[in-house]
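Across the two complexes that follow, chain A remains constant while its partner is chain B and subsequently chain C.
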Partner chain A sequence: MKRTLLLIAVATILAATLPALQAQDQTPAKWSPPRTPDGHPDMQGMWARRGAAMAEANAPKSPLSEFGATGQPYPTVFNTGVSTPQAAAALTNRPSGIIEPANRVLPWRPEADAARREFLSHMIPPASLKYVEASARCVPPGLLGGDDRHPYQIVQRPGSFVLMYEYNHVTRVIHTDGRLHVGPNIRLYMGDSIGRWEGDTLVVDTTNFNDKTSFSQTIPYHSEALHTVERFTMVDPNIIDYQLTIEDPKLFTAPIRIAGTFAAAAKGSELMEFACAEGSQTLPNIFGFGLFPEQ
Partner chain B sequence: MNLAYGNRQSYDERFMKKTMVLGFFLGTLLLAIPVWAQGPARAIPRTPDGKPDLNGVWQVLNAAAWDLEDHNASLRVPAGQSVVEGGEIPYQTAALAKKKENFQRRESADPAEAACYMPGVPRATYMPFPFEIIQNPKLITMSYEFGHTRRSIFTDGTPHPDGFPDFWMGDSRGKWEGDTLVVDVTNLDERTWLDHAGNHHSDALHVVERYTLMDPDHMLYEAALEDPKVFTRPWKISMPLYRRLEKNVKILEYECVQYLQEQKYGNAKPVVGAKP
Partner chain C sequence: MRTKLWVIAAAAGLLAIAVPAVAHHSFAAEFDADRPITVKGTVTKMDWVNPHSWIYIDVKDPSGKVVNWRFEMGPPNALLRMGWRKDSIPAGTPVEIQGYRAKTGEPVANAKQVKLPDGRELFSGGSAPTLPVAPESKQ
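After this line comes the complex of A and B, so read on.
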């Protein structure tokens, strides 16, 4: 009898404490992404980008806002919807926009800030070709200019990670084969990107920019000294965490960090053709003549 | 048998044996020479799913961009032999007249050269610029350095969608026939030209391309064109594609639209009161 009671007591105590013990031993299982044959996270597919915008605090009034181009919610066109309610919900809790400096007041060099405000004042109406907003001239987007209304596609091969923008049909082949940047006299709208894996994060270093792309509607250009570092980390099947660090010592006194997200795009998304120059009437309207006799 | 020689073979038997051995040896050598002369066979690379691996940077080495047919040189235009099977493009009468008119106006009317528009298919393949093939089991992407033009070739078994508009680079659906990638291209915008000489087509153009690796560094590119509004029958072009073998080769930028805008509008004054 005593032994039975003792056994029951021990069993009861164990039953009460075992779940707590198990809970202490168990850490939540960390999600691990599917992998490509060379062992890296498989981020291939169609993605909708959100949040990676250079929206500075105390921005000067953009002359373009007179045309309703700034701060208006864009309608969802083509395939920029996200794949599931879970992906949409995840987007609301993710960091977005300028995260460093936290107050989003950019560390301008005073003379550079003054110069860009002066530049903005000549944009509407545009005083000449270079004052026409970059996207209206079909300028390649650089690293920030690609917008959220057009999806992205990732393809991975041994030795390269390819990020394709529907916007202006730009393709970034990011070589991960250990090669160096191209020589300093080669200047590119999209810069020259080389990548390496740090664990499960793809780190992309981009240099060799020309000075002809725009950061945002209130930062209409940057310098050739621009250097960026992006970090792509897949955190769940529907979400790639995206961090972008910008250094342009001719404009800013310190680096700026921007956060965004690539969320899995709606089912059936494909990259559609984005024919910019072929359909644009902007320059003929501004200057009164086209490129073709019949334009 | 001459017992004086014991078990040794007769002279005749030894001679025959030597001849047979020598003959066998020589025969093997003779059969092997053709293989030696070619060198070891260069197997084409394959992707993990067993298909030919077309990944890489490729470019043509001919004058087709200026004129698909036989043509002489002129200032800044190299001479070329026709890449058209049979030599000539089989135009209908009115279409031939239009071609000649295009040729006269080509410096201001060629949409690719005069306006930097996307060159269409098949012209994008033989522009004098490299392009990169980015291959994935369900999608093969062609990324052309000219104007960073790009097209997606869907190899996922999907058909051309109904109700799509025309695109400058068309709609491409591909499949493998043995080791040849066969690409069916429709929905091609009628405004593209086939070369700088004014060869043209209508919105009825249908192109079937074939990409076949001949060895790791050479691909045969063939394209069959049919357009019942312009040509009297289907016709075909073919040409080699050469792999760009430089170490660390990559597609750079030829931002045609930007250079042209600078040339045409760089010194222009906006029209007063114009809305963009």
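After this line comes the complex of A and C, so read on.
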């Protein structure tokens, strides 16, 4: 009898405690990132970027992304392979691509939309060098025109946050020392980036772009009026949440927001040498070797 | 070693993520999807270079003349994660490569798959279709 009472008592206590335990499980303590000596989140290391792309709905057919007589776009079939299985799992259900406007139909100015459609129609075969896509000419990638099969490395110092790309050896030194943007006559492929910390989020404001980089295979350029704001927030050891707001008033009537992820790269990943012209050989493959007398 | 290579290749396949991947450049600008090609030959060298690795092979044409073909492949970091190693295919290795010819008509192509003498097939990591497509892939 005593034993039965004891069991009932234990069961009652358990029943009373369980809901509390479950409630506790549903509200886990906020994860706190490791910190650099100056107190900011330490995001240093190797990363693979995923999802940050300007994949618009109702995009015009781009000759660049067609594959064969069937007219089907060629599938994006290979993985960059630089993220870890843990990071790949964590990427499930992460926001990705254009998140504003929600329907991914971009707020084009009609004349700008018509101009880019006209431009696209000259790209294959390219009417001149200007119509060869920027990446094939080894132009720096801008913020979206790179190739995410290549890893990234983050290095932080007091006063700067450095984002190094394997792709085209781009190094973006994002100044966090309070300086202002360079003067308006200076135009840069990767723009001029100024960062500031809002709590644990690095907010990067970039201006002074030139108009020589592309957004995607259907948006082959932007204007010098481009202004971007990026937000980097480390949400767990394997994930940096990446948000990008794009304003280009010469192309679009409203800002566009893009979401992506920097996922921890596989252990042992490192940036490798990138010899774009030598490794790509796209121009001779398009125009023939006659263009290059030495060959 | 063989098992390990396959496991790595399979893992790379499983990791294929159904978000838009951004390739270095358009396949269609350079290569002709309507001209698939399969060649057998002997590896003369492999360049591990970004943005594309290149594999060179000597191929005998029907008249017996040897032509050196080169095939574009994926970036070294991608090949490495797909199971390739620098010594995977040393010079002298007989291989069979499937791919797509360059539009110029030169002996240049985009590799899709490389078959080794022991029957192993390695995906090229290039910009041509290789793995059985992203839509069904889960992260």
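In this text, the second predicted complex is superposed on the first by the 238 of 295 C-alpha atoms of A that agree within 3 Å, B and C clash if a C-alpha of one lies under 4 Å from a C-alpha of the other, contacts with A are read in each partner's own complex, and residues count from 1 in each chain.
Here is the rule we use: contacts are C-beta pairs under 8 Å (C-beta built on N, C-alpha and C of every residue); 3 or more make two chains touch, one makes a residue touch a chain.
Keep in mind that what you see is a predicted model, and the values were worked out from it rather than measured.
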Superposed model, chain A: greater residue contact from chain B or chain C: C
Chain B versus chain C as contact partner of A:A136, first or second or both or neither: both
Contacts of A:I186 with chain B and chain C, given as first, second, both or neither: first
Chain B versus chain C as contact partner of A:P151, first or second or both or neither: second
Touched partner set for A:T282, first chain B, second chain C, both or neither: both
First, second, both or neither for A:I240, with chain B first and chain C second: neither
Touched partner set for A:P126, first chain B, second chain C, both or neither: both
Touched partner set for A:Y167, first chain B, second chain C, both or neither: second
Which superposed partner A:E273 touches (first chain B, second chain C, both, neither): both
Which superposed partner A:A259 touches (first chain B, second chain C, both, neither): neither
Footprint overlap on chain A, comparing chain B with chain C: 125-126, 132-133, 136, 168, 273, 275-276, 278, 282, 285-289
Chain A-facing residues of chain C, complex: 11-13, 15-17, 19-31, 33-34, 47, 49-54, 72, 74-78, 80-82, 102-104, 106, 108, 123, 125-135, 138-139
List of chain A residues in touch with chain B within their complex: 37, 44, 125-129, 132-133, 136-140, 153, 155, 157, 162, 164, 168-171, 173, 175, 179-180, 182, 186, 188-190, 212, 270-271, 273, 275-278, 282-283, 285-289, 291-293, 295
Of chain A, residues touching chain C in the complex: 50-51, 53, 55, 63-69, 74-83, 85, 88-89, 91-92, 96-97, 123-126, 132-133, 135-136, 144-151, 166-168, 216-217, 266, 269, 272-276, 278-282, 284-289
Parts of chain B lying in touch with chain A, wherever the complex brings them together: 48, 55, 108-109, 111, 114-118, 132, 134-136, 139, 141, 143, 148-152, 154, 167-169, 248, 250-253, 255, 257-258, 260-262, 264-266, 268-271, 274-276
